[in-house]
Each structure stands twice: as structure tokens, then as C-alpha cells.
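Right after this note come the structures.
Two complexes, one shared chain (chain A), two partners (chain B, chain C).
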Partner chain A sequence: QLGLQDATSPIMEELLHFHDHTLMIVFLISSLVLYIISLMLTTKLTHTSTMDAQEVETVWTILPAIILILIALPSLRILYMMDEINNPSLTVKTMGHQWYWSYEYTDYEDLNFDSYMIPTQELKPGELRLLEVDNRVILPMEMTVRMLISSEDVLHSWAVPSLGLKTDAIPGRLNQTTLMAMRPGLYYGQCSEICGSNHSF
Partner chain B sequence: MAATPEPGEPTKGKPFKLLGILDVENIPCARDSVLYGSLGSVVAGLGHFLLTSRIRRSCDVGVGGFILVTLGCWFHCRYNYAKLRIQERIARDGIKNKILYESTHLDPERKPTTDKNSS
Partner chain C sequence: MGEDIKSKIKEYQTAPFDSHFPNQNQTRNCWHNYLDFHSCEKAMTAKGGDVSMCKWYRHVYKSLCPISWVLAWDDLWAEGTFPGKI
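And now, the complex of A and B:
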């Protein structure tokens, strides 16, 4: 698969749309640059006495500023949307280790388990290489869930692309992220911070 | 990974990427914007050439027209698409709440019944 995964959370939907918006702007700028390059290659005109070019300098100062504003405004909107207070119903703690994740559900009962990646040799037919684990994290859908993420040893990063999540697991620090899955399904993620020889393996 | 589409669900088309970056098949509004932009570019460039007979300047006008028309169509289409998504979300939540709250005291369509026994 190329490109971003299908969105499962509202934030990821917004990110997908922002990505489309920015890609269109990039496409238009690339077309313009390609056209200008083709002009440079085909022109025979030479200006040996160009003294100033006030108009074009004004244009190529103001136009990029406008383009940056067009990109920045939706970007900031999503950034602040990610930080909204949304009263999570469930809290799950996850600790990064070399090289597995451990999860704790302590809201109602004490439930702890480790989640190891299934080695390639032990995969069953149809299972995805480097993605399947022995114990999956089960979360309710259409409910806001708080994830508290930290690490026991080195830097890790807890990432689920379909939910638009990537949060660093830093030893000695507790990072928080909230998620809401809008549809049932199985969503994969891999550690996204290099953490040793078996990082993402 | 993306969820496997159920039978009967629309699947993603094979990606066709302009300049290797813009997937016009799967990005909403991209195909229409680029097509209208191309049409606008041809009209602007050809019109300028017919009026002035200047080839190079007409090409510049054509490229400028492409960029402006594509951008205009893109923003217009995306704005309408965003409104449609909001309406779909409201309708979806409304259907879900109707099913959930039907015949309960939270049902907004429930008519208040008068208590005839109290005097």
C-alpha cells in the first residue's frame, strides 16, 4: 500500500483532508516550476543589462507568503483540535520495553499483559509479517480512551497510523494521548523510535 | 493496514498519480479540479493567442490560468465536500440516536401523554 491508511478516528480524517489539500498545493507549485524549467531550457533571450526587477521580486515574495498561510491555517486548526479536552472514559497505560510493549488496564480491575511481536517463522498463513502480536490491545469503539505512554528503558514510540497516533515513550516521562475509534476493526502499528537491534522486529 | 473492504463496498481505484504525487483517482475533487484547470488553461491560452498572436506570453497565460482555475475549483469543491461530510455525520448520528432512544423518555419524537387518572 502506498500513501496514508484509511482513517479510523476523526483526527485522522482531518489529517487525510489536510494532506490532500497540501498535496494539491505542492502539485501546482511543481507544475509551475516544471514549466519555468522548460522555459529556461528553450529561451534564447539573454539580458546582459538587467538592473532591477521590482515586480517579479514583489510577486515571488508575496506569493510564497500567501501559500504558507494557506497551508498553516488548516494545520494549526488540526493541531489545536488534537489538544481538545474530551473527558476520556477509559485509561490504558502502556510501557515500552526492549522489545515489547506492556499494557495495564487499571480502571476497574488490575489487568496487565505483555505484547510481543510474533516472529516471522511462527506466523500462520494470512498473518502480517512484523505486525502481528501475541496479545492484542482491545479497546472500546466510539469512546474516548486515554493512553498514558512511557518507557522502562530507552526511547520508544507508540504509533497507530490508522488512528493518526504517534507518541514518544520516554523513560522518566509520562506522555498522554487520547484516541477514539469510530469503527470496529484490527489496526496495526509499529514502534516508531529506534530502540536497539530489534526495533520494529 | 486499511480494513479489507466487505463485499458490496466500493473499493479504492487503482491510483493514477499526476507528476507521481497527486492521486487523482482516490482524492475527492482532485480529478474534477485538474480537468477544469486544463480546460481553463486551454481557453485562456488560446484566447490570449487569438487576441495578441504572442506565443510565449500565451503559454504563460495558459499556465497561470491552469493554476488559478485548478485552485478555484479545488477550494469550491472541497468546501462543498466538507459541508456534505458534516451533514452525513449529523444524519448518521441522528439515525443512531433515533434507534437508540426510540420509545424512551429521551425520544424527541415522543408525544407527551396526559395523565387522565390524576384529578
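And now, the complex of A and C:
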């Protein structure tokens, strides 16, 4: 697979497009620079007196400024989009432990369970190594879900790349993030903050 | 006013957006709702009012606060050593 995973949430879709846009700019600038370097290295012409180049200097000051603005504007747009106020229909809490996650659904009745990674030796054929778990988190689709993430021991980080989510799990602090899955499916994530010998497992 | 709260409690889905806590850190949101539930209960029992009106705070803190935190605070509350200002 080349690139980011397919987007499942609208924010991730925006991030995908932004990533493509910015990467294109990066490729253009890099290829321009490489071309100019190759030109410089393959000429016998020399110029030893002082050069006055006001025009080109103005161009290569203004142009990067414009390019940076072109990158910053979509970036800020997505940043503010992620912070929009929405009224979630469901709250799910996840607590990080060494070395598993536990999930709590307590809006109506208390439901909580632990979710351990399936060790490599116990995988069935077709299952993904280091990603499968015994108890999966089930969420409704096309509904705004509030995820509250915390930890019971050390720092962890709850990440699901397909949804464009990564939020740190800090003991004593409750971090909120919003989730909206637009299509049904199975999405994987791994702990994204080093938490000991079985980190990411 | 009483009827509004009763219908709000009955139709509870999940903790709504609280503009007092608009940012990512929701720790104070959970803490304050827990405190509000207990102070509401204390005030209602002192005045002889209807304690079921305080259920809103209970629903919200149950939605937001991790179970382990609630259990720890409930233990402190039972012992009488709860550090919050009620």
C-alpha cells in the first residue's frame, strides 16, 4: 500500500486531499531544485564578478511566501473543522493500560470490557498480525460519537488512522475527540505512545 | 421548569456539548458534574425537595467519567474524605 489508508470519516477525507495537495507542492519544488542543481553542475560557463539580481531575488522571495500561504489556508480550514461544535449521540470511554485498552459505554447502563491484542501464535489464517484484538469496539455509523480517552497507568495514545484520529491517553486527564464513521467496516489502530515493553501490542 | 428537567432526564442520550468546557480537556467537565450531583442531592435533602431532579448531573457524570474514577470517588465519599467542595 502506498500512502494513507482510505478515509472513513469526513475529516480524514479532507486530510487525504490536503496531504495530496501539499505533497504535490513538495514534489514540484524538489524537482525544480534538482533540475537547477543538475544545470549548475553541467555547465562550463563561469561568472566571477559581483552579480546584481534584484528581479530574481524579489521573485524567489514572494513566490515561496505565496506557496506557504497556499499550504496554510487549507491546513487552518481543516484545523478549525476538527474543532467544530457538534452534539454527539454517544459517548465511549477508552482507558489505556499496560498493555491493552478497556472500553466503557456508560450512557445508559454500565458496559465495559477489555480488548487485548491477539498474540501472533494464536492468529487464524487471514487475520492481520499485531492488529487483531479479542474484543472489538463496536460503533454505530453515521453518528457523531464522543470518544473520551484516558489512561490508568502510563502514557498511551489511541490512534485509528482510517478515521484520522490520534489522541494521547494521559493518566488523570480526560481527552475528548469526535468520531464519525461514514461507512461500515473494520478499522485498526495501534497504540501511538511508547508505554513499555509491549507497546503497540 | 420541573417538567422540562423531567423530560430532559427521560430523553437523555448522552452528555450534550457544554460550553463551559469547550476544549479537548474534559476532566473538569466530569469533575464538576460529579460535584454538582452531590451538592444538588445535599441541597435537595436539606430543603426537602425532589432528589430525582438531580438525576441529570448523575447521567452526565456517568457518561463522562471513567468507571474507575467514579468508584474511587464513591469510596472517598462513603468514607467522608472526599476532597471536593460540596
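The definition used in the following text is that the second predicted complex is superposed on the first by the 199 of 201 C-alpha atoms of A that agree within 3 Å, B and C clash if a C-alpha of one lies under 4 Å from a C-alpha of the other, contacts with A are read in each partner's own complex, and residues count from 1 in each chain.
In this text, contacts are C-beta pairs under 8 Å (C-beta built on N, C-alpha and C of every residue); 3 or more make two chains touch, one makes a residue touch a chain.
Remember, predicted model here, so these are calculated numbers, not experimental data.
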| item | value |
| --- | --- |
| When chain B and chain C are modelled together on chain A, clash or fit | fit |
| Contacts of A:Asp110 with chain B and chain C, given as first, second, both or neither | second |
| Spatial angle chain C-chain A-chain B, Cα centroids [nearest 10 degrees] | 120 |
| Touched partner set for A:Asn198, first chain B, second chain C, both or neither | neither |
| Partner chain(s) touched by A:Asn135 [first = chain B, second = chain C, both, neither] | neither |
| Partner chain(s) touched by A:Leu174 [first = chain B, second = chain C, both, neither] | second |
| First, second, both or neither for A:Pro88, with chain B first and chain C second | second |
| Partner chain(s) touched by A:Thr120 [first = chain B, second = chain C, both, neither] | neither |
| Touched partner set for A:Arg146, first chain B, second chain C, both or neither | second |
| Distance of closest approach, chain C and chain B, by C-alpha atoms in Å | 22 |
| Contacting residues of chain A [partner chain C, same complex] | 85-91, 93, 95, 104, 106-107, 110, 112, 146, 148, 150, 152, 167, 172-177 |
| Chain C residues within the chain A interface of the complex | 12-17, 22, 24-27, 29-30, 59, 62-68 |
| Of all residues in chain A, those that touch chain B in their complex | 1-3, 5-6, 17, 20-21, 23-24, 26-28, 30-32, 34-35, 128, 131, 162, 183, 185-186, 188 |
| Chain B residues touching chain A - in the complex, by the definition given at the top | 1-3, 15, 18-19, 21-23, 26-28, 30, 33, 63, 66-67, 70-71, 74, 78, 82 |
